[in-house]
Every structure is written in C-alpha cells, then in structure tokens.
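Common to both upcoming complexes is chain A, partnered first by chain B, then by chain C.
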Partner chain A sequence: MSAQILSSHRTPWTQRLNAWFYRHNQGGRLTTLVLFLPPALTVFTLFVILPISESGLYSFFRWNGFTELSEGGRFVGLRNFAQMLQHDVFHVAVWNTLKIVLISLVIQLPLAMAVALAVASKSRINNLFRLIFFLPFILADVVAGLIWRFIYDGGTGLVAAVTNLFNLEAFYPLADADWAFNAILVVVIWKYFGYHMMIYIAGLQGISDDMIEAAKLDGASPWKIITKVKLPLIWPAIRLSIFFSVIGALQFFEMAMPLVQSGGPGGSAHTIVTYLYEFGIVRTRVGFGSAVAVVLFLACAVFAFTYQRYVMRQRD
Partner chain B sequence: MIRFKTLLPVSLAALSLMATTMSAQAEEVVNVLHNQQDEKIRAAWEEIRQDFEAQHPDIRVNLEFQDDSAMKQRLPTLLQSNAKPHLYWSFGGANYRTRATSGLLADITDKADGLRANISPGALSAFEIDGRLYGAPYRLAQVGFWYNKRLFEQAGVSADDIETWDDFLDVVQQIKDAGITPIAAGGGERWPLHFYWTYLAMRIGGQDLFNDILADKASFDNAAYIRAGVELQRLADLDPFQPGYLGAKYNEAANVFGNHQAAIHLMGEWDIGVQRSESESGEGVNDNDLGYFSFPAVTGGQGDPSATLGGVDGWAFTAGNGTDAAVEWLTFFLSPENQARLAEQDIIIPVARGAETHVQNPHMKVIAENIAHSSWHQVFWDQALGADVGGVINDISAELTSGDETPEGAVERIQEAWDFR
Partner chain C sequence: MTAHSPSEISYSAHAARWGLMFITALFVLLPFWITVLGGFKTQGELSANPLGLPKVWQTEAYTDILVSPKTWHMLGNSVLITGFTVALVLILASMLAFTFSHIKFAGRNYLYSYVILGMMFPGATAILPLFIKIRDLGLLDTYAGVILPQVAFGLAMSVLLFRTFFEQLPKDLFEAALVDGCGYGRFFWRIVIPLSQPILATVGVFVLVQSWNNYIFPLIMLNDQSVYPWPLGLMEFRGQYGAEWNRILAYITITILPAVVFFLFAQKYIVAGLTGGAVKG
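Coming up: the complex of A and B.
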C-alpha cells in the first residue's frame, strides 16, 4: 500500500491514469463506460433528475408558473402538503388509485391468467382469440375512453339499450358519484387484461411439454397440473405483471380524461394523477401540483424499490 | 444564351423585391396574435387591416393565428421571449391582471386618449389594473336564459311572467308537470352550473359586497352568498335538469336544448350558434322559436336586477411593445365605425360607444341593450377570480346542485381558496 503511494509520487499522473486504465479496462469495459455513460447520464439528469428536484423545490411555494419563481413565488413551507393531506378529494383520489390496484390483483390478473391458460396452446383458433383479447390494449387510451363514454351514455349508448330492454329508468353511470369510478374500473379491466394475458402466454409457452407429460404420467389432474406445475413455473412472469399493474395504477390518467370531466361528479372519480392535473395544472397552482407530484413520486419509488428488493429478487 | 425576354421579368422581380425590402425597412410593423378560427370573422378583420394600411402607409399589420389551446399553452413562455407579438387576444380577469402586475404587459395609459374617447368606461375598466391600462376590450358577452318558445307554449307558461326567482321556479315546476325536461345543463364541466350560483350571489349580495370581497373587506362566507346556495338547491330540488346532466359536457347540453328536448338553457349568446350546430337536425331552435330573458331578481336581494354576468374579451399589449403604431392600430380597430361594421355582420356585441345600435340579430340586439343599460357588468367569476378560486366556485356550484355540499360549506371553501390565492 505505502509502496504504491510512494511510487505514484514519482510517476506523472497521466502515466498513472494510463496504468490504472490498462489494469481495469478488461475486455474494453471501461472504454464502453467512458464512451456511452456520459450521454445517457446527461439526458437522464436533464430530463429526469433535474425536473424531479425542481418540483421538489416548487412544492414549498405558492406559485402560478407564469413568472419566475423568484418573482412570483411565495414560500409557504409545508402548507401545500398539509392542504393536500386534508383535502377529501385527495383521499378519494388515493383510495381510487388503490381500488385500481385491488381490482387488478383480484379480478384482472386472475382473469388474464384464466384466459391465458385457455388460449396458450398453439393453434389457429387460439391465435384468433389471442388477437381479439389483445385488441383493446392496442387502442390508444384516449380513444378507448371516448368509445366507453358513448357506451356509458344513458340516453343513446349501450347502457340505454340495456335499460330500455328491461324497461328500467335511464341510468347514467358517469354522472353518478357512486358509479362513475366503478364504471372506469370496468374499462381498466377490459383495456389491460389482454396485456397481462400476453405476458402469461409467453411464460406458459416456455414450459417444456415433457414436464406436463411427466405430471400426467404421475396421475396429476388438470387442476393439479395448473396449480402445482404451471403456476409455480411462470411465477416470474406473474410477479412482473403485478409490478406493471401497480405502477400503471399509480400513473393512471389518459383514459379517465375523456370519460369524466375534472374528476367526475363531486371529484368522485379522481385518481392521483388526474387530481394533480386538475388542482395543479388547470387551476394554475404549480406549487401545489408539485407537492402532489412529489408524493406520487415517493409512492412509486418506494413501491418499485421494495418490490424489486423483496419480490423480484426471489429465487424459487 | 440568356435572352432579353427571359431576363426582363427576372430583373424586374429582383428590382421589386429590393423595393419591398427597402420600404419594409421604413415601415413599422405591428404583430397581432389571435385565436380566431371563424373564417367569416377573419375575413372581416382582414378588411379592417387593409383599410388601416391604406390610411397608414408607414405601418404594416400582421394578423397571426394560433389555435386556442396552443396559444394558451405557449403564451406563458412566449410573453417572456423575443418572439412575442405586439398585441395578443386576451380575456380580462385574473390572468390579465397577473400578467400586468408581473410586468409582462405594456402600460399604454398615456397613449390611450383615442381609446378612451371611443370605448364605454364600463367595458374599458375590465382592462384597467390599478388605474393603468395595458390593453382594451373588443367585444361583450352576456349570460342569460335561452328558452324554447314552442315548449313554453306547450307547457302553458310565458317568459313574460318571470320577474323574480320564485316566478322562475314556478315556471320550471309547470314545465316539469307538463312532462317536458325544464333545463339543459352541462354539469360535467361545472362552469355552466356556476352561472346559476354566481348570478344568484350577484342578485342577492349586490355589487358593493362583491367589491368589498375583492378588496378583502368582506368574506365570501356571508349571509347573502349562503342564501345563493339555498336558492340554487331550491331549484335543484325540483329535479329540473336533463337526466345524467352531472356527467354532460357543455356541447352535450347544447345538443339537448337544440334538439327541443329541454326548454331552458342558461348560457352566453354564443349558444345561439352552438345549440344550432350541435343539434341533430343542424337547425337547432331557430330564431322564431328561440326566446331570451335575463336572470330574474331575487326577492329581498340587494343586487340591481339589471346587473349582467358575461365576458369582456379584448387585446393586451406585451411588455416593451406599447408602441405608437400598435396603439394606433388598436384605436383604429376598435373605432365606432369598425365596431359597427363587425356588429352589422353579427360578429360581436361591440364595446365602442354607439356601435351597439348596428347589431342586427334580434337576440344579439337584446343582449347589447342589456349590457348597455347594465349597472354592473361582471366578468364570469371563474375567470375574474383566477383559475384556482374560480375552480372552487365551479366545484361547489355542481356539488350544491347534486346535493353533495351545503350552502354554508360552499362559501367556506371559496373563502379558503381566496385566502390561499
């Protein structure tokens, strides 16, 4: 150790750098790093790190975003956060976001799995079914929202056709504070279950036929084959799809916009992101919006890291 | 070999190009940014522009168009850049005030004698901030009750009988009893419902109370505004709106009204055209069937029933660009003659003195007279009080109507937003 330091005193620093580089640059790894890391890091800093820290700063201000923060902003400490946490509409938004997560775990993913098990084996008719189930996911979110706005119209839509058929009173789900968000949940399931189905199909097709054959020879029932062989084997795919659906729920926004205006009746159909948009952007309270964004970012980050750490790293 | 014949036009073109660039250097340029999509209106403006340039050979005016939402999004940055126009289309209200007090607009108070001479002081005051002028109004709008005469007849009611809010509620009840949907409302967007609450607040509380609130000498949490909520809930209790109104957008409500499926629509005069274009037939409620009455007085209210709620839209000068040429252009554009020209084509309800007599459409005419005789022309509260406080007023209006908020809770929430603005 001391010899190294002594010797390094005598050689010029460029030579030392060269030597260090030579020693560590195994298989050109360092060259790659030096060449490719800076551009990526610059872009990442510019468009991710910087905006995130900026909204962290804004969240402590009362600021409308029209003028420079130094001129138009007023420091309010934690007041934006306090206001947000006391706001009942924010509570509704958080609860609704959790509802999306719950509905995904309880209905959407099992449904996707059931359909995947049904259409996973390779055949022409299965290809057709897969396409049909995957179709909603291909649609743009806004387009899907607009289509469902027509379906949910109690005067002229599909809902009207049903109520007319049974001679019921006209029903407008999107205008009803108790129903608006449930109506959106139905669209969420319809829109995204095909995506999770595709993940599962990919997993199921990776299971070797020999394994299924062996289970059959051992006398396993079809149900046993699913629960004891297939599901454990595609567990990595399942936990990946859970991860996607939770992150998707936290970011849910585009499809809700055409379905309901500014959070639906009494704000009953807000999610965290539509809440951010309505109370931060539309009402020109950039500071308040930033506070919501900071909370949302923390929620995403905490979930992503914990999930990666404790669920994705499992080796089973 | 180049022939003289081909050379001549080329050299002439080059010469004329030089001439134009030389004259362009001598000219002063005024850039005007607007969001007007309507071809008819743009053609009318273009005529005025040509007249102006004919009379002012040393000034060139460019009318630049940007789509409304694009303009809204770009303005905050555009106003701070070098590419900003001299003048841009602007509503009065809180955004205009914020920009003026933030130094983004040019103070033209000392050059405004021409504008002052032509424009009625009431309208001009919408563009005055603390006594200084940063722009000028261009047109007026009023919100009132549009109604379907045929459906009124069918229900055996007359708009002439409506003098007070109680009369109005009676009429609504009678229309409902006749099996007709009384009122169309775009409750999903909320601002259409805020017209009800704010008009009631104006009729009950009056102008002085509102001015005191603006000056922080009074609170939104007052007896008059609580009563506004009570009266709105009296209307809502009659269940007068089309089914599903709480999820409906404005244009969907205009469709219901234009299809003769509801008798009344509380809206600005732009609804004449919108209910027509949104209706299934494309005809809407035609001029013969369409009627109009102002928001009625409320018994026991302090407000003058002639007071009007509506818009004052106009132009603002950007910082450093309140040049003589720009002011000259706007003075010309807003002169009584040119405003009369636009009014004759039913394009605007003018702000220039005397120009309102040139309005042709009978409904526009009524509104022009209403505003001219109005003791208090108030800009829509959701615009005038800024997007944050205005947003809360829209929220509570919808929630009072749906029964999710109490009149007391509503005013508390507005005051809270006002305190935190």
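Coming up: the complex of A and C.
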C-alpha cells in the first residue's frame, strides 16, 4: 500500500536508474571505470596489500605453513617479536643494514656526486664515462654478487693472485667474520654509485648556464661554485637519492646470496632480509619470518613517512 | 687562492677530474675484464695471470654452455616470464593511470594513494604469505606463480610514471574528442596510447630489467628446474660446478652480454626507466 503511494508520484526505479546511468555514463565514463579499475586493483590487492597484511596476522602465530592456520597454527602473542629482538644475529642484521645506509651517505653518494660533477657537461667522452659508470647497475644483483665472489676467492680469484704475488698466506675475505660484510659493502658501492650519479646529472643539467656565469663574474672560485651554487640547487636530486639508498638498504638481499651463504661466517654478514630468509623461509617458520617482515614493514613505513613529511616536502 | 694563477688552478682541477674519472672507470671495468677473459682461461691460469690475456684462448667453457639445450630452455623461460610481466604491467598500469588522470570519481585520490603505497614496501615484507597464496592457488612451479607477484609489485611505480605523463597531455585533446562523440574507451586506445610511446618504452624497460634480473620471487616460487629463469639457472650452475670458476665466469659473460648490448641500444629509455622518472629524458 505505502509502496504504491510512494512510487505513484515517481517514475519507476528502472527509469530513474536509466536516467542516472545516462547522466553519469557520458562518454562511456562508468563503463570505462568498470572495465579499467578492477583488473589492476585486484592483482595489486591480492598480491601486495593482502600478503603484507597477512604478515601482520601470521606474526602472532607459531606455524610452519603446511597446514591450515586454524589447525596447525598456535597463537603465541608477541613471542616471535620477543625472540627476534633478543636474538644477537638479528642485532647484527639491523646494524649491517644501517651500515649500508652509512656507507652510502659517507662514500657512495659523495663519489656519485664527484663523478657526476666531472661528467655532467655534454660531450662524447663524458657520455662514454657515464655509460661505464652506469654499467654495473644494469646487471642482476646475483650476477654482480657472483662476479665479486670470484674476485674475493682466496684460492683462484683476484685476492689469490695478490696473495700469491706477495707470497702471503691464502686469504678468504668472505669467510672472515671481520671482513665479510665490508667486502659486501664494496660491491654495493660498485653496483649502485652510477645510479645515483645519473640522478645528480639530471639535476646538474637543469641548472641554467646564466647562474654559473653570474657566479663566475662575481669572482667565485670553481670550488665555491660547486658548494654554494650547484649543490644547493640540486638538493631535490640529493634528497631523492638518499631516499632510494635507504629503501635499497632495507631490502638488500639478492646480492648477498651468491656472496655469502646463510649470512656469512657466524651470521656476521646478515641484513634484515637475509635474516628473514634464513630464519623464516629456509626453516619454514612462517610466524617468525612474518614477525621479521612486520619489523621491516614498520621500518619502511616510519622512514618513508617521516622523510616525506620533513625532508621531501620542505621548501627548496 | 692568491698563491696560484688561474691557469694553475684549472690545471690541477683538470688533473683531479681526469684522475677521478680514470680511477673510477678502472674500479668499474676491472671486474668485467676479469670475468670475460676468465672464461677463456684454464682454471690454473686464473690466479697466476688474473689481468692479462689468456696464453691459449680456451673456448670450451663457452661452447659447452652454448651447445647445452638447458641454457636455451632457461633463456626461453626468462623470455616468457619477462614478456608476460611487461605486457601485463603495461596494460593494467596504463588503464589504471588513465582513470586516475582523466576520469573524475569519488575517492579517486585515496585509491591513487593506496596504489602508490606499494612503492614503499619491498617484496620481502609480503614474501611468506605470498608463497602460501601462490601455493594454495596451485601455481607453484608455474610461470604464472612468478608473473603475478612481479606484475603486482611492478604496478605502483608504473602507475606513477603513466599518470604523470597522461596529465601532461593537452586537455583540449580530450574535450575535442568528446565533442566529436569519442568516448573514454576509444579516446584511451586510439589517442592516448599512440601518443604515449615514450612513456610506454620507459615503463616497459623499467619492468623488463626488474623482471629479467629478479631473483627472489623465482627463488621462492619455483622448485622445478625446468621452469627456472636464468638468475636461478646461474646460481644452480654455480652450485653444480663449485669452484670451476672458468666455467662460471663464461656462464656469467654469456648472461650479461645480451644485457649490455641491449643497454647500449636502448640507453636513453633504460636510464629514464631505471631512475624511475627521477631523471627526465
């Protein structure tokens, strides 16, 4: 009865829907949304967002992943986290990850900046050097690692050649707890400085020549021009490359695989992700591995948000 | 300052610049030099003569690999995985970015932020649940089991690059098309995509290099050697030949050669793609 009254002074709902659809679907707007949005969003949600969230859930369980979580999993609260935080190998892994950041800031990025300044101007020879410096970056991480694994080989590699030459005892840097991770850091610089150089070159090429000419006319020395004109002007490029270095350090994994097995001698060469691999995946401890993943997630999130908030947004 | 004449300063500055360039180039190229020549040396010559040319050029290590059907099979696996990954990312990301840049709808900016979130988190944060999901879908040891995670993790950066490009397209273009009765769908396929060749190449190269070099997803998802892409094959080869470094170095050379040639031909797009739009042009 009441429904009849309500609808009697209105057009039937099918017609209203039609009108609404016509209004909103101009140019096939709705059709396009329905066809274009779901495929990418489904893949992204299913294989990125959902698994990251599930890491959060699994981190509270003791579970090997071979049975259903509801059957084989045992809720252990924060015990995975406690165990991880008390594990001295985890401390080494965090410290090593920080070391990659430190070595980037102190050696890699300054080297990248120095060569960027050296080869930024356009010329054939500069272009050649740029290509050379960028070359290691296009290699797969496992390939870069394997090449250096040979160089560091105390039996047949370059290190062996040097020790043979001076009649020294055979030395295996990657098997030495004091040397292994430092040796890896050299490979990190070798592979990635060219990438940062490219970012800086793009910044340097954006500086107008007038600016440099004006500074020269004012009697600025070449060194002053670099420190007082060029560096401040390419600060946006620098802060971007710092961002990439830190995110790269946090996910450092693939290059370590061919260089050292299971975190190197005594676990001295672990980083956060190799630690996750060794103690979560290899030992099929899904809960524990997920706890490591959660810590990694938090580290990325906290860094990304504070860096965006306080460094990327600041006025130049 | 006053103690030096201008020409003296520029002379030492020049010397420092060239010194830096040559020493750095040496540091970069030496490992390549050792690797390529190492494959032509005998095992004994490797440490006795690390830098010089081989006394006798041994081609066996190279030919053994090149005639092995396993090598080519693995290359085929890599081509398949990378090909599908690139194609899917290009299609899915460009469609998504187009809706973000050209169609207004409620929650658009939230949805965009949601996708961009994917850029900040490495695959490792998802790897265990991802393995379980791929296993439950029955996709372990299949190409799809590697392709799907690679596509998913490639989307965020690609959508960002596409959206930035699409928004720079002239607005009149679309208004004119709409007046002419061309809908969004046709506008996208007939006008936007043909105009987007530079960004398609940039994103394509970015995803291609990422997928071609990727190790962690195949490592977790693939157990069966018949579906191994080459980074896994390389590590397996290394495991098999242990300390026979001349063979391993030959194998490395063969795997990096196509990458280097490709790099030389497509350097513009590779630099733009790999520096993720941080570098323009």
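Going forward, the second predicted complex is superposed on the first by the 272 of 316 C-alpha atoms of A that agree within 3 Å, B and C clash if a C-alpha of one lies under 4 Å from a C-alpha of the other, contacts with A are read in each partner's own complex, and residues count from 1 in each chain.
Quick note on the criterion: a contact is a pair of C-beta atoms (placed from the backbone, for glycine too) under 8 Å apart; a residue touches a chain by one contact, two chains touch by 3 or more.
These numbers come from a predicted model, not from an experiment.
In the superposition on chain A, A:F133 contacts chain C only, with no contact to chain B.
When the shared chain is aligned, chain C comes close enough to touch A:M198, but chain B does not. When the shared chain is aligned, chain B and chain C each come close enough to touch A:G65. When the shared chain is aligned, chain B comes close enough to touch A:Q83, but chain C does not. Contact with both chain B and chain C is seen for A:G155 once the two complexes are overlaid on the shared chain.
By the touch criterion defined above, A:L174 lies against chain B but remains apart from chain C after alignment on the C-alpha atoms of chain A. Once the two structures are overlaid, the count of chain A residues touched is higher for C than for its counterpart among chain B and chain C. When the two complexes are overlaid on their common chain A, residue A:R283 makes contact with chain B while staying clear of chain C. In the superposition on chain A, A:M211 contacts neither chain B nor chain C. Of the two partner chains, chain B is the only one touched by A:G267; chain C is not. Put simply, chain A uses residues 65, 153, 155 to touch chain B in one complex and chain C in the other. Only residues 76, 95, 98-99, 102, 104, 187-190, 243-249, 386-388, 390-391, 394-395, 398-399, 402, 404-405, 420 of chain B touch chain A when the two sit together in their complex.
Residues of chain A touching chain C in their complex: 27-29, 31-33, 35-37, 39-41, 43-44, 46-52, 54-55, 58, 65, 111, 114-115, 118-119, 129, 131-143, 146-148, 150-151, 153, 155-158, 160-161, 164, 190, 194-195, 198-199, 201-202, 221-222, 237, 240-241, 244, 247, 250-251, 253-254, 257-258, 273, 276-277, 280-281, 286, 289-290, 293-294, 296-297, 300-301, 304. Interface residues of chain A facing chain B in the complex, by the touch rule stated above, are 62, 64-67, 71-72, 79, 83, 153-155, 170, 172, 174-177, 180, 260-262, 264-267, 278-279, 282-285. Residues of chain C that touch chain A in their complex: 1, 9-10, 13, 17, 20-21, 24-25, 27-29, 31-32, 34-35, 38, 43, 46-48, 50-51, 92-93, 95-96, 98-99, 103, 105, 111, 114-115, 117-118, 120-133, 148-149, 151-153, 155-156, 159, 178, 182-188, 209, 212-216, 219-220, 231, 234-235, 238, 243, 245, 248-249, 252, 255-256, 259-260, 263-264, 267, 270-271, 274-275, 278-281.
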